[in-house]
Amino acid sequence: AVALPVMAQSEDDTLVVALPTFSEQTMTPWGGSGQRKTYLDTVYEYLVYLDAEGNTEPGLAESWTVENDGTRWTFTLREGVPFSDESCGTVTAEDVKYSIERLIAEDSRAGPASTMRRIIDTVETPDERTVVVNLSAPDFLLDAGYFGEAQQLGIVCKSYSESQGEAVDSAPPVGTGAYVLESLVDGSEINMVRRDGDHWRVDPQWERISFRAVPEEATRVAMLRAGEADIAPVNFDSIAGLEEAGIRIVSAEKTWSPVIRLGGVVQSDPERFNAELPWADKRVRQAMNYAIDKQTIIDELFAGQGTVASGDTPVAAWDSVPPYPYDPDKARDLLAEAGYADGFDMVLKTFTTTPGAELPLMAEAAALYLAEVGINATIEPTDWPSVRSEWTGGGKLDFAMTHRGFPFPNPENGVEAGFSERSLFASFTSDELEAKLASLAAETDRAERREKLTDIGQYIRDEAGAIFMVLANEPYGVGADVSDWSIDTSYVYNFDRAGKAQ
Amino acid sequence: MTLLSIRNLTVRLGRDALAPTILEEVSLDVMPGETLGLVGESGSGKSTLGMSVLRLTPPRLAEGTSGEILWDGRDILTMRGRDLRALRGAEISMILQDPMASLNPVFSIGSQLTEALRRAGRSDLMQAAEAALAEVRIPSPAERLRSYPHQMSGGMRQRVVSAIGLAQEPRLIICDEPTTALDATIQYQFLELLRALQGAHGMAMLFVTHDFGVVARICDRVAVMYAGRIVETGPVREIFSNPRHPYTRALLAAVPSTSTAPDRLPVIEGAPPSIGNRPGGCAFHPRCPMAGPDCQRQPPMERLAPRHEAACWRAREEAAA
Amino acid sequence: MTRLIMGRLAEALAALLLMSLAIFLLSRVTGDPVALLLGDGATAEDRDLLIAQLRLDRPLWEQYISFLGNALTGDFGQSVAAGRRDALELVLDRLPASLSLAGVALGFTLVTGIAMGVLAAITRGSAVDLLVRIVALLGQSVPAFWLGIVLIYIVAVQWGWLPTSGYGTTAHYILPALTMGTFTLAAVTRLVRASMLDALGSEYIKLARIKGLPEATVILKHALSNSLIPVVTFMGAFFATMITGAVVVETVFAWPGIGRLAYESIVSRDFPVIQTVVLVITASFILANFCVDMLYLAIDPRMRDRG
Amino acid sequence: MQNVTFRAALVLLALFVLTAVFGPYLVEHDPLKGSLRARLEPPLWAGGTSEHLLGTDRLGRDMLARIVSGARISLTVCVVVIAIAGSIGTALGMLSGYVGGWLDRVLMRLVDLALSLPVILLALLVGAVSGPSFGNIVLVISLVLWSQYARMARGETLRVKNEDYVDLARTSGLGHVRIIARHILPNIAPALIVVATLQVGVVIVLEASLSFLGVGVPPPNPSWGSMVADGRSYVVTAWWVSLFPGIAILLVVMAVNIVGDALTDRINPALRGRTA
Amino acid sequence: MNAILSTHALGRTFRTRGGPLHALSDVSIDCMPRHSLGVVGESGCGKTTLNRLILMLDTPTEGEVRFKGKPLRMLSVAERRAYRRAVQPVFQNPYSSLNPRLRVRRIIREPLAANTDLSGPQIDARVDEVLEAVGLTARDANRLPAEFSGGQRQRIAIARALASKPELMLLDEPVSSQDISIRAQILNVLTELRDEYGLATLFVSHDLATVRFMCDEVVVIYLGRIVEHGPANLICTAPRHPYTQALLAATLPADPDAPAMAVPPEGEIPSPLAPPPGCAYHTRCPFAREICRSVRPRAEADEAGGAVACHMVNQGGW
């Protein structure tokens, strides 16, 4: 805990961002999930940035190269980027090495920690400005992926972090970003203030950014309407009303993928394959995909902000895979073929996450459509930890769940997480798919890899590895005081680049 | 010269003219310095009469009250806030039946007593309070001022209540069965105390009771009530030696005594009527051994002797019999 | 007096122990935080590693005993979710916000409830009485979250009089306290009205009137002082309702209190924090009840002479 | 005045019960079926169609049908909770008051503890254990409410126990069970009925709060509480989604309270205000 | 002739917050067949406690109660049933002694069903019989207590006691809550029934006059102890214990010309928690001497068949 907030002090200069949660409310990149990037990104910076099209741009790393079939990366650091704490000086290779090693340490709570731990072999610092990362498996996308702006490898000051010891997670963060922590109220407010002097990367227009934790969406919407918040994530159903009230909606495009995952179909693992389930039959899975009018769901529940999905995570390589059309008759035929002409009963578990408040609603909507073809889905609301531990606990699952598909920094890792037998989170595999994945992992040619990835996407789609629903946007309400602000891709919030209306 | 004069006091359960009556056409005079006993069985309206004089009846009964209650020629029933407050405590005071309930449990005796004394314009409140307690013969009064009601016995509390009642030296004190809750020996002491205090202050007393022994002990005059009406009034000796209303007579006979032990007590058959289904005419006639057809009509109050009145068609016959 | 306090203390300990056991067991069977902390794409090895780190691999009773032992030394463990922060510190950081809100809400409820109760009692049977009771009932029939949101929209958004949410200035207290207090308002009003009616019909009020005291003194001093005794009896329960309502109200108004912390820690299965929060809440109830007892002694002389 | 309100309240309650029992047969729409194309349609007088008199909810389900079938669910929750909490609380309270001594002290401490349970947290935990289900809600709410019956039953038992007819029954050699069944229970029942009446509102509102936190009556079954909770995001844009079930709750709670108060006045004025 | 019921040095001490409370000490009385014994004393002197001990609603801390010579705690199950039939109480408050939820028939049946082997129709017949005996009608059996006045309720209570054909009726202030006119009716009913059924009665009251009317013999209790005991007419005309005298003086006759009694009562009744040593009455007794403050007087029987526990009387002191 730092000092109390300086309330209402020149609100005009403060960009107020109302967030559903501060997640763990810790201040180190490794201290928790990527959801904290909302506020941490104003403090920490990354080696590599992305432009609006998703192309890489130099960040704290001025340049970088990849060698050895994608297993050896060399980063050359920008010179003279100062940390916010004077004692830390400027960013050195040691700081970067420390940041990487800390992020993949065993006690790291960062989302990608385990995957990164598996692929990163050693980190070397031949000189002050050079960092060499040796991988144990090829990764051609490390720059845009795990080391990039959309992920959690924020660069910290080694000496400062070490001096703080265990307390570093809650100590004021020291990074190279344009803002520093000014004050915070536990669980309620995190206030950042602009650093003195010019910043090498951005030119922040707001003197302060105040993050407020506001779990209730209706309250966030009220804050936007009352002008108390400048930016806040909102539900799709609030969009129309907000726009009417003159609030702009800015969306992160196709950043998440609401989906219905089917349990018990990790076919290559006898422990996790439940052959008794109706949907152990591919035709049933396909029927379920045909049965749901996803476009209507998008139009009505997602305010049109999304497209029908053909996969269960947002992967660019799968854009070419055609989604299932809405065809209830075909669904009935397939069900009949599979011996379920009279349908069957199933349990559909659902929960809300932040963001992802629409999942239960989507589940109910899906159930309405499934009922039309005779499938009687009982909705069981629960919470994320419960389903998640049930899902990862292994065993023959016999239910389906709504899920929020995340964009992975490296789509290949994403595919592995969802569809490889090795992953605890796997929802579907088959021996054929395992073989395809193995061939992908062994492939060292960039173009070939992309080809194989697309092929995997097509395979999962044809096998109906899940009930693919939506590739959805993530809408934010933006008040009139903010001139230009955009989210390029998921997890890149750009609050330090928010413009200020005159 | 009467102190208090009640004229045709009728109290109904509410404004409605058809509502049941608790008191009907009650007329009563209290002379300065005298003790008037008001006897009657439970529910006959004694308390309602006492409360009406101080305008302490609950709103529903207050709405249904008519008649006059004259005090110094002014009608108490038409008095408003300030006048009423000036009347209460200072002119007319009252001692209630239940010594356990009539003191506020959360304030000390001293504070409850001084409240009354302050109104009497006393400045030396503590000394005055002490003196007031001493007057009602409470031992070590100074310490007692700090006590709370629950720390005292029933008899002591009743004495505190009388000290409060007397604090402003009223000219009339109404006692509503102040001894019913007390033990025999304590009741005896309290009655003696009241008599002494009355003598010392020269005030009049309206003493409500259902105990003829008490009446005999302390009253100068008696009014007997039955079913909301006064059926007989007279000097205490007259009433005891020569009761004229059959009800009075029956009541007196029904009281057991320590001096004789008859095999059977003379009884009045039946029970007093509950309010709301009182018989028409003389309310006592269904239980009366002497009732005749004329008893269907309400008998007027009739003077039988200079200060003796009764409301009975047979009152004179009876005297002859 | 000392006996009373010792007795209370023993009861408090027993209650805390019981509560800790209940919460411990209940929280352990709800799944563990591991699944939540594991990154996507984690493997079985990653999971085992984490379980060992969090010492969730040891038998339940052993976990409980060590929790108890540590708790005795003031160590309630570290938050699993919030970056190894000291659980007790985390909870205590949030406690003042909750207590002050509950305090303000309680104050609001008591003041309004007592005023309304007295008003209803002295105008018994009238339209005012009916109105007061209906207004009080309204509060009891509206779910707090809904009332909160509606209040935010009307008072903060439409009229712009108060901030929608958040914590900091006096103005921030008004809407949440109103929302929180409205539910118990009916109970207080009802209670005060009833006990006021009892008091007004009592003999000591008659005596007060017989003394010729002004009506205001009769009502505000003699009747009210007695009517407050039952209110004091129920105050502990009111406080409990408030703190319980905190989960909802704090969520709606983005109030950084323990109610929300508790909710969040349950959602993230942050065992040490859940345990600490519940114990702290229970302890504060016990403390509140103790204060109520003391208040009782102060207000009702009859109690002072017992035991 | 009092009488008019009392009668109105009774009529309202009767309507509530009738709706709960027969309502679902009277409305034409299925409360569980909707059409996404017809979602959030306003009520008839606010620009909607006669198809959906009170409009539709966020999945295009008919509000009227949902409110009507919600009556049944809310009533069932109330009845079951009150039956469970009532019988447990009454049994323990009677035992406590009748036996007295240390058992009384222990049980009453337990009641105090139950009163200071952070109910909602417990509900969340229980909800997290096994997911929100009808059973869980009933369990959790009962867990909170039994203590009120226990308190009332104990107090009343103490009162009745001191009545002479109980002593008389003992002098006749009646066993404890018979005394409790014949002399105590019938005489404490009115007070408990009053508590039960007044708790109807508490149960409905509590269930709503649990729905808000995601552990209420599970969808798609409508309870009034969960409908209000669902509608909270539409307070401005589609007010009817939460307002109508809210009004339904309001009317019922108001009615039961008025009836409860009147019952108290009739049965035992000394209990006035000491309940719920 | 043997006593139906007798108490032997009966005592009951309550443990209270304020310390031991001696509600009743060393009380020995005999209830002989067809005989009526009165117990008088002021509030809190232990009258009800005595009643409850006899009714087995409470257990004595000293001494014992005997039924036809046999201590109550030694009674067999059958004897206990017989005892419960033989000894029947009527309590003071007719409102509290009838269960408001039961019809009169059920109320009266209760002791019969529990303690006799009568069949259903026999019981019903008995109910009608006793109702008529107390001046009610068989029709009243199907009504609820709320439909009756206080006096009628007390009659129902008496009918209930009468139903099992008792030998002894325990009457705990059965008329003190009644109005004068009703009081006389009940007293008459009781005396009539007593004579008709040959009942023994133990009549507890705070009013000497009522006791005089009802009883042959009177026991006077002060602070839990018997102070005087003797024939009713003697106690009420020539009391010897100063307390009895004070009590008599305080029992005001309905006669304005009656002379004031010689020994008016003084002082407060001491708390039973801290009873005065020696003779408990010495704090209020105008004749108290040194010995009264330290030595507790023993009751000594006299020629009139009574006994007085007073040093002064027994030593012919005054």
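The chains carry the letters A, B, C, D and E, assigned in the order they are written, with residues numbered from 1 in each.
Note that a residue touches a chain if its C-beta (ideal position, glycine included) is under 8 Å from a C-beta of that chain, and two chains touch if they have at least 3 such contacts.
Please read these numbers as outputs of a predicted model, since none were measured by experiment.
K.L.:
Treat touching chains as neighbours and tell me the shortest step distance from chain A to chain D.
P.N.:
1
K.L.:
Spell out the chains that contact chain A while also contacting chain B.
P.N.:
C
K.L.:
Using mean CA coordinates as chain centres, what's the gap between chain B and chain C in Å?
P.N.:
Centre separation, chain B to chain C: 52 Å.
K.L.:
So the centre of each chain is just the mean of its C-alpha atoms; given that, what is the distance between chain C and chain E in Å?
P.N.:
Their C-alpha centroids are separated by 54 Å.
K.L.:
Mind checking the centre-to-centre distance between chain A and chain C? Centres are C-alpha means, answer in whole Å.
P.N.:
37
K.L.:
Which positions in chain C are in touch with at least two other chains?
P.N.:
In chain C, the residues touching two or more other chains are 30-31, 145, 149, 153, 251, 267, 269.
K.L.:
Could you say which residues in chain E touch two or more other chains, in rising order?
P.N.:
none
K.L.:
For chain A, what residues touch not just one other chain but two or more?
P.N.:
216, 218, 383, 385-386
K.L.:
I'd like to see which chains touch which, written out pair by pair.
P.N.:
Touching chain pairs, listed by label, are A-C, A-D, B-C, B-E, C-D, D-E.
K.L.:
In the complex, go through chain B and note every residue touching chain C.
P.N.:
The touching residues are 51, 54, 56, 58, 81, 85-90, 93-94, 96-98, 101-108, 115-116, 119, 148, 150-151, 161, 164-165, 167-168.
K.L.:
So in the complex, which bits of chain A are touching chain C?
P.N.:
Against chain C, the touching part of chain A is residues 1, 5, 7-8, 18, 21, 24-28, 31-32, 106-107, 109-115, 118, 166, 169-170, 185-189, 212-216, 218-219, 222-223, 225-226, 228, 383-386, 388-393, 406, 408, 413-414, 416-417, 422-425.
K.L.:
Sort out for me which residues of chain A touch chain D in the complex.
P.N.:
Counting only chain A, the residues touching chain D are 216-218, 221, 235, 237-238, 240-241, 293, 296-297, 299-301, 349, 351-352, 360-361, 364-365, 367-368, 371, 379-383, 385-386.
K.L.:
Which bits of chain E are touching chain D when the two form their complex?
P.N.:
On the chain E side, the touching residues are 52, 55-57, 80-81, 84, 88-89, 91-93, 96-102, 107, 110-111, 114-115, 160.
K.L.:
Along chain E, where are the residues that touch chain B in the complex?
P.N.:
42-43, 149, 151-152, 179-185, 187-188, 191, 206-210, 212-213, 232-233, 236-237, 246-258, 264-266, 268-269
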